[in-house]
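The chains carry the letters A, B and C, assigned in the order they are written, with residues numbered from 1 in each.
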Amino acid sequence: MEIFLQQIINGLVQGSVYALVALGYTMVYGILGLINFAHGEVVMVGAMLALSALTAMLGWGVPPLLALPLSLILAILGCMALGYSIERVAYRPLRHAPRLAPLITAIGVSIVLQNLAMMIWGRQYHAFPQLIDNQSHLIGGAIINDIQIIIFVMALAIMASLMVVVHRTRLGRAMRAVAENQHAAQLMGVDINRVISVTFMLGSALAAVAGLMVSANYGLAHYYMGFLLGLKAFTAAVLGGIGNLRGAMLGGLLLGLIESLGAGYIGDMTGGFLGSNYQDVFAFFVLIAVLVFRPSGLLGERIAERA
Amino acid sequence: MPNALRQFLTHGGKHQRQVMFWLLLGALLLLPFITDALLGRGWVRIADFAMLYIMLALGLNIVVGYAGLLDLGYIAFFAVGAYCYALTGSPHLAIAFPMLFPDGIHLSFWIVLPLAALVAGGFGVLLGAPTLRLRGDYLAIVTLGFGEIIRIFLNNLNAPFNLTNGPQGISRIDPIRMGDISLNATQGIFGIALPSVHLYFYLFLAFTALVIVISQRLEKSRIGRAWMAIREDEIAASAMGINTRNLKLLAFAMGAMFGGISGTLFAGFQGFVSPESFSLMESIMVLCMVVLGGMGNIAGVILGGVLLAILPEILRHSVVPLQQALFGKTLVDPESLRMLLFGGALIVMMLYRPAGLWPSRVRRRELDSDEAGVV
Amino acid sequence: MTATTPLLQLSSIGKQFGGLSALSGVSLHIRRGEIYGLIGPNGAGKTTLFNVITGLYQASSGEFQFNGNSYQAGKPHVLAQAGIARTFQNIRLFANLTALENVMIGRHLRTRAGVFGALLRNRATRNEERAITRRATELLHYVGIDKPGQTLAKHLSYGEQRRLEIARALATEPLLLALDEPAAGMNATETESLKSLLQTIRTGGITVLLIEHDVKLIMGLCDRIAVLDYGKKIAEGVPEQVRKDAAVIAAYLGGGNE
């Protein structure tokens, strides 16, 4: 029972990070109908930027509680610039090209980012510095620490504010209009290019936050971390119904739970045949299962089939 | 390409083409000796690998170039083929099942080859079936995941019983034999001593030729046209009576089989396989060959394969000395530079030259006649 | 099957998108050998009906009979096999293939060579390929595209692209040729030559279903016409009858749709 509760806690924390990344996929998909393959790498860049800034500032003697928000802001700004440039360079010129073209440039962008990151930050793992006295709390036999609590609360707060932006502001209305019908939105005077750019920047900002959270949660960051994380967050977006913001959040949390419970019990389920080192395969099987049985996802409309 | 040569190749008469063919064949047969004499010993091995990559690229070309389906985990089928032969042509299984196979299994390469092709094709169908009725993006991401999953399994299936030997990989794989001749030893033929890499060179040359012929025949057939119709406009294709789902599945399975075949050859050639040969980067490299050369055009894909297979050698011989000369130390290792170039090439090609370095004949003629966009 | 049973019989076809009803209770029949016109203001549901008949959409209610078989939700390739061929309102050619290849793809349905045929290139396959090429060339000529087969479809003129779509559809040997606004964007000469092409096709024994905005073309060409408005059939009959129909006049003039 303690294991069960522990896995639930771990799953929710990890899932809230997936949800933030999944939102980036789903927002871009909703507006452009494009899977932004490079999104996972934006998360990685966010984590690396934040970590570098943090380490540097701590080295200069900046107090941790000042260094953390500063480096987060830096990472957010860096990722927003990155997201903007990715769209401008790799996607915008191909908006009317055959479907294959932007997919291929997207994968090209991922590779470039990954290898640039490897050149800049090296192949080694970077440790997340100890900032706060990370205390553990015991709930019903399971352990949750301060960092996990901060991650979870912050993720929920960010998602709530995103919903407010999308549903209550002019910008959000423009985004929804473009998602609904680009042509009509344009006729109504919406600057489509601007809305698309802003969407990419918004998604990238979320990615930066998620990047910092992941590295804080695991205590490290690595140039290759974006790939699997991106794949899983995409799965979360599909699970919830790609193009649907609430779906991305739900999908993220669910995937976190599935993964964590699966990893906790896979040994029992397979009679010891498979161990927890298979944690990473769950997302994949979830993805396949969703695509087979409910390609529109849990909350999605029937937009998944056909072009 | 110089204009005169292009003219000669494309507009030459039948007789000229025949002469070209025999000249080319002669040059290819002599190639190992030429590179040995001019460039040094290592180049035949590089040529062997280049041909494995060309076979892979031609297989992927069926999927991406003809049918327009983006497969980002293509190397997984290569892995399936390689492990098929690694398991059934080595002493390895003696470790996992000492009672059942005290010496491991030592099936002949020529029996494993078609089986491995079928197994790889089967994986292709399993993977394609759920995704092919959906939009192409899903296939891309599912194959991306599959490529990674296969690696996770290969890395971890050394316990509870040792099937794949985990990250260490499987070694002592039987060499390919033709009759009584092992390709792993130097053989004398007509008084010429042919080292192992030369023997494999000729074997791979034959297989590459076969794969080229198959690709060519598929392209100029009812099936090939249906694939291209799907690539161009899936809805119009189905309105013309094409069963798009089945044909996409067929393309996917055919591509997977090509991957499986080259994987089997790879395992026999290397005598050793391990999961790290099958990383995402390898999939990307093969994709890059297809895109760089010209999607859907066999000659272009071959060109892409050759260029990218020798690129690491060029980089190794230029990047390090150049940096040493300029900065006195190596700042960027050739390997990461290579991947960076691949990624960059994918972007640049799609933006500025989507038809590739060597566009297909029809497209080229169109490019000559007018400057209208190719996209 | 006798020649008197209709080729296509729709029985109260309905189609909903979300909560919106695009078609409701549409019944009509098309006789063998006639040219049947479908008109109506923008958004009346013509193309939706078309997409149901050709299998792109599933009907939400009702069913249709084609050549004696019932369908409610056909797949496009199944209906093409049954003998319905179509063109598209916004031309959907295989843009990067040649004009000849476009028509050759139309032959896919009525030919058989599979992977083994392609790889072995045996006599049967070679003969079939020759027949495909010959037939495709004939059809190109038939619709009046005399450019060499090497021109990419996207580089044909607009009128030629429209006619190429018809040639491609004819290559499937249809019983019913369904054309979605074939004259859209054509000039007067092109429309005139399209008109005579359609008459020739009908004379060849193929039934034609036509959606068109060009009322003059449709009145001059069709044997019978149905009028859709807001997803319902409001009139049907020979051209003179429809022209005088009060509901039709109201829909076109009073509704303010056009």
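By definition in this document, contacts are C-beta pairs under 8 Å (C-beta built on N, C-alpha and C of every residue); 3 or more make two chains touch, one makes a residue touch a chain.
Predicted model, so just to flag it, every value in this text is computed and none were measured.
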Chain separated most widely from chain A, comparing mean CA positions: C
Chain occupying the most central position, where position means C-alpha average: B
Geometric centre distance via CA averages, chain C-chain A, whole Å: 47
Distance between the centres, which are taken as Cα means, of chain B and chain A, whole angstrom: 33
Between chain C and chain B, distance of the C-alpha-averaged centres to the nearest whole Å: 43
Per-residue multi-chain contacts in chain B, two or more chains: 235
Residue numbers of chain C (touch at least two other chains): none
Multi-partner residues of chain A (each touching 2 or more other chains): none
Residue ranges of chain C in contact with chain B within the complex: 54-56, 75-77, 80-81, 85-86, 88, 92-98, 101, 104-109, 111-115, 117-119, 121, 125, 128-129, 132, 150, 152, 155, 168-169, 172
Residue ranges of chain B touching chain A (in the complex, touch as defined): 64, 68, 70, 72, 130-131, 133-138, 140-142, 144-146, 148-149, 152-153, 156, 159-160, 234-235, 280-281, 284, 287, 291, 295, 332, 336, 339-340, 342-347, 349-351, 354, 375
Residues of chain B that touch chain C when the two form their complex: 214, 217-218, 221-226, 228-229, 232-233, 235-244, 250, 254, 362-363, 365-366, 370, 372
Chain B-facing residues of chain A, complex: 34-35, 37, 89-90, 93-94, 96-105, 107-116, 118-119, 227-228, 231, 234-235, 238, 272-275, 277-278, 280-281, 283-284, 287-288, 291-292, 295, 304-307
